[in-house]
Amino acid sequence: MGPIIKLILLNVVTYLILKFVLPNVPGSAPLPASLIFLYLLLTTSGFLILATVSAESKEEFWGPIQRFLVGDGIGGLQALRWVVLILFPLLVGWQTYNSTAVSDAPPGENRTIHPAPPGEYAGLSNPVPKTPETIQQGKGFYAAFCSPCHGGNFDGKGSAARGFNPPPANFADPTTIAMLQESYLFWRIKKGGVGLPIEGMPWKSAMPRWELELPDEWIWKIIMGEYDGAHQSPRTWE
Amino acid sequence: MSEVARLQLICLSVVGSGILILLFIKSVFPRVIGFVAIVLGLFMLTALAVPQMASLPPVEEKFDIATVKTPTDLAAIGQKIFFSKGQCALCHTIGPSESARCPDLKGIGAKLSREFLYESMTQPQAYIYKDYRHEGLPKMYPAEMPAINKNPIGLSRNEILSVIAFLQQMSGEPISINPSELDVPGQAPAAPVKAAQSGPMAVAQAH
Amino acid sequence: MGYQGGWIQRLLRSGSGHGGTLLGFAIAAGLLSLPALVFGADVAPAAPTEYRDIPYVGSRNVIWVVAQLHLLLAGFVLGVPMFAWVCEVVAWRGGEKRYDKLAKEFTKLLTSAYSTTALFGGILLFLLIAFYPKLMNYLTDIFFPSFIVYCILFLVETATLYLYWYGWDAMQYGGKKTFHIFLGLMLNVFAFFIMIIPNSWATFQSSPVVIAEGTDMARAWAATWNPTWWPVNIHRIIANVVLGGYICGAYAGIRYLSAKTPEERDHYDWMGYVGNFIGVFGLLALPFAGYWLMREIYQYNQQMGITLMGGFLSWLFILQAMLIGVLFLGSNYYFWLGITYRIPGSALKYRKPMLAMLVVLLLCLAVWMTPHSLVASLEEAAKMGGSHHPLLGVLGVMSAKMTVSNLMILVTFMSFIMYWRAGKQDTAGWAKIAKAIMGAILVLAGVAVIILGVWGYFVPAIIRINYFSTSQVLIVIGVMLTITPLTALLMKSAKTTTEMAWGKMPPRAGYSLVLNAIMVILLMTLMGYARSSSRVHWHVYGVVRDTSQYAFSPALGYASGIMALCTFFFCMIVAFIFWVATMGDKAKAVSASPSKGELPHGMPAMAGASSALDAPKAPKF
Amino acid sequence: MIRGLSRIVPNVVGGVCLAIGFLIVQPAAAEEKPKAEAPAETQASSAVSAPLVKGALPADDPTAAIWSSAPPATFPMSPQVHWPTRNLEATVKDMIVRGLHDGTNVAILLEYADPTEDPDDAAAVQFMVGDKKAHFAHGQPMAQVEGGPVNIWYWKNKDGKGVDMNAKGFGTLKIQDHQDVKAKGAYANGRWKVVFSRPLDTGHPEEDTLITTAGFINIGFAAWDGKKDPSSGELKEKGSQKAVSSWWYFRAEAPPNYTGYYYAAIAVGLALGFQFVLIRKLKKGQSA
């Protein structure tokens, strides 16, 4: 039974690492079950590949399992064999029951965070010249209009942010505004959460439609202030 | 049962029938089919396990002259036309880009007068600059720009004016076009087919 | 998924009620005329029909399946001649007869495959004209001249194919053979043009250029040279090689599984090896072509790029990653099986390197398959503070993906080199140094790729895209270009310690060949859906809007059903073609013994050759 | 025959392992979390689960003992910033919600901290109506998605009753012709407890949200602190100046359903059959 115990052990160790070690690394968080499943699947298939890559290793892996299932010459393990044979259908039944039962968990929300902007926004560039004054102005506007949610430190942790789901974007995160062009931000600020396409789940976003309150020029300045304050630079083609 | 659950059930039965074939049938070809069924079923199950998201077409917007109150409104319409019906963005960009095949239009509204802009769009061959940006004799630009007021693009005068307003706005310039200059529709300027036919007339009015 | 409301029932019902189809047509025509009447009142007295539909199934689904099948068949029909021609050339230059036989065996398929492809092309054309008259009118208006060129090419291609196939035995020797080889080359050249012309129509739909006034010819020419035309051409031609190779492998796999005689087992084992080799060979280049295409799309229109990579199609790339992952694993697995089974006594010797490569491959796959936005429940998302994992989220971006895909290619390349060298002993005096150099190159390249990948996080996007990713690709290509000739040189003087024994592979090798082929076909159908959906609600992006009821793009689960259906149909059609083509000479094949030929020097393993074939041993099981 | 077997088995086992892996992990992934995380008051929840009770609902008694049998769900609140007349500081920071239903009526209990009892203290619950998604801020119109209306249940301390309203964007609030919602508030120890109740199905699917036991529906909350600004005498929170929550989920638990056991029994049968055939094949293979 060597290899199969190895396989189980390998999966258990991987699971424990993913479940209990990785989340406790500083700056980390618990992994979603889908990801853990993916990694376990990779581990298992890797093991199976190695176990079946040669005739000898396959025999070493599969022979004991076969003998165990058939019940030939396994001596004291006979009882265990029956346990496995009874447990397996029960496990399948239990999982079937679980998957047909009404779930306690609400449907997952897999919102697309950066959906495609409408065509008329994809190709704009900032008409406001980038000078220390305009950036400073932008930061001022940011403090007045944006910081309550997106935070004075550009980290998405403003005082008004706590109740909102999805949470306000964290501009200090290098996978948010640093991946986007200024025109994208212009669209998002101008049209707000209600301007998102369906995959962005506009009905959940608390982002105001700022075109109702701010002139375009201010928005462009805010964008400059945002990048400068969050120490990021927009994606460009230059 | 939800649509997804139903599809999942179908997938499971596809996988199940594959397993059945492998269990009970000995000849090779059906067994391969069973194997393929299992693979395809698992593929569909995976596809059903990720979030199901469809993309719906957005509502089509029409250029309605009644909604235009300020030059900014006009520029907003111009922006839409620039990137869609006018097909300007198929070649031009606003701001530097690697994909630009024609001149970058950033700041163009500040450099050129609105009349010149209008003429460049309707009579692109009127003034052809020579290209001095390389060694040797200056080259003629192969002015590939189509006349915007003619087929197949066929923008109306109103539409061209709003594009100019947009270009001025994108250059950080005050918009010099007033909504009162627009043609008041005796016939709808929004209908694309008509607009295309009335192209030459719009040019005449512009001068 | 509510919008698809009960499509299953409709599908089921449509299967049982063929008689209703005609009635359905009538009703659909009647229904369609209603909006046309309203529309007509607005614009013109008799507006032309823009769309037609068929009941139950839906016009879009029909077009989808037929177009996908046509495309797959076309890929097969274009991939096989390349494959056949290369085999023929190998036989011609190297004098190994069995390659000629293999080439002929596949060319035989061509005639029936070719007509099936044309048949589906014709059906597709009729359906397009019937269902999408507005769009077809528009495209015809622009592309009319290239339609004519296409037709002429078709005639020429058909003639060439007939000459090539029917003249095979007649032009076997001397100058005639040279002419035959030339015919094969022309066959591929015409086929290439036959591919790129429809590509221009399809790519124009996703990346149109402005059509100025001019002659028909000038307009068609301008529209043909649209920004994604060449990236798609290159991508498709490589993909066709991959498809041809893996289908050949799958065919060999099935024949191997059902083989009755040792000769058959030998032959199909070898054919499976060649198919897998060609598939892998193309596969190594495919990511680069895909990257180029994606880059062009991003440059052409940022919106389209975002729709694909970050927008509603972003989940599709999880599936793509899975399929590619299985493909890489499957291909390497087959190589490794080949080492342990075909080279007796090598299992233990190669276990350690295999383990190392497997671990690297799995780690790369883990990164490759980790999406940026994770599939998570609300609670899980709340704990992560969003749908990005704070730590693993960095694995989801381009820099990481490029790095691991390059590493996976390196590992697969190493698998191949290992296979090549297996059972050989170097005799050259400089072998040690050469091996050290090769090892150093591999390690250095791996490290360099990783360093560039990590560094890529700290530079602006454009530097990463323009310099870092390109450098990574160049490094990997460089490694291949240095190690392959070095190994070839080494092999030239190497002494064979253990002969390769064909026909000893276990059945799972046959199944893994089938699995690889299925993965490739699924990938092609998946990316077909991606390419079509990236146009969102446009027929011609930004120019001709889709105003039909099918303007929406369906969700992945539903789409995957159609992809699986296409894959299955395609497999069945190909199986049918193979069956028809080989029906006549089944008996012959059984009695024929494998031809014996001189081994060419310099490329033994690449060609999968071994003198063991001259003395076929009885398989052990 | 052994050889034949060695062909069959790996493929079957591989396929079965994968299939079973999917069967097991997918539901497990969905199932695991809620169990691990009993909705504690301190931790944010994502759904209110309303158990089915036998006997009378505490529809007009916010302090009834039976409420303790309903699991509490806590939702964070934010000041309303979506609409231009925003306030940046709201009194209510957390909303604790419980639900109960008896098969025909539903009762929802809101509980939140408010330091003072004022006549203008108010609270509201909000739902989407029908299939269309509605923006959480009063069903604001959305640019690319056709939204639907929201159904709002509103209670104000000085009125002492529930109001059933609809809105589709700010400034479109409309009191319904048919009032189905009852509400009652009780203030004690600096905390409000407000109970709303309504029939699960009011027969007006165009205006009222239909609560079924089939799945989750969207729910949102709002609260107004009716305290007046001591200097100006103006209300600090009124109209759109309030504390709001995002969309969360509400579910009226279904009566026990035994179909799952049938499916499980079928699955057990299939698994047994599979096992039987597999082992028989293995045995044959060995004997041959």
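Lettered A, B, C and D in written order, each chain numbered from 1.
The rule is simple: contacts are C-beta pairs under 8 Å (C-beta built on N, C-alpha and C of every residue); 3 or more make two chains touch, one makes a residue touch a chain.
Not measured: the values here are computed from a predicted model.
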Could you tell me which pair, A-C or C-D, is linked by more C-beta pairs in contact?
-> A-C
Centre-to-centre distance between subunit D and subunit C (centres being mean Cα positions), rounded to whole Å | 46
For subunit A and subunit C, let me know how many angstrom lie between their CA-based centres, rounded off.
-> 30
For subunit A and subunit B, what's the span in angstrom between their mean Cα positions?
-> 31
Chain centres from averaged Cα atoms put subunit B and subunit D apart, in whole Å, by 40
Multi-partner residues of subunit A (at least 2 other chains) = 32-34, 52, 58, 105-106, 108, 110, 112, 118-119, 122-123, 165, 183, 197-199, 236-238
Where in subunit C do residues touch two or more other chains at once?
-> 2, 257, 299, 301, 307, 311-312, 315, 375, 377-380, 382, 506, 508, 511, 542
Which residues belonging to subunit B are in contact with no fewer than two other chains?
-> 35, 41, 49-51, 53-56, 58, 83-84, 89, 97-99
Work through the pairs of chains, note which ones touch, and then classify the graph as line, ring, star, complete or other.
-> complete
Subunit A residues within the subunit D interface of the complex = 32-34, 37, 40-41, 44, 48, 52, 58, 62, 66, 69-70, 72, 85, 88-107, 118, 148-149, 159-165, 191, 193-198, 201-204, 206-208, 212-213
Given the complex, residues on subunit C that touch subunit A span 299, 301-304, 306-307, 310-312, 314-315, 329, 333, 336-337, 340-341, 347-348, 351, 354-355, 358-359, 361-362, 365-366, 369-370, 372-394, 396-397, 457, 460-462, 506, 508, 542
Within their complex, state which residues of subunit A touch subunit B.
-> 34, 108, 110, 112, 118-129, 183, 197-199, 215-217, 236-238
Residue positions on subunit A within touch of subunit C in the complex are 22, 25, 27-35, 38-39, 42-43, 45-46, 49-50, 52-58, 105-106, 108-119, 122-123, 165-167, 173-175, 178-179, 181, 183, 197-199, 233, 235-238
Residue set of subunit D touching subunit C in the complex reads 3, 6-7, 10-11, 29-30, 33-34, 37, 44, 46-47, 131, 249
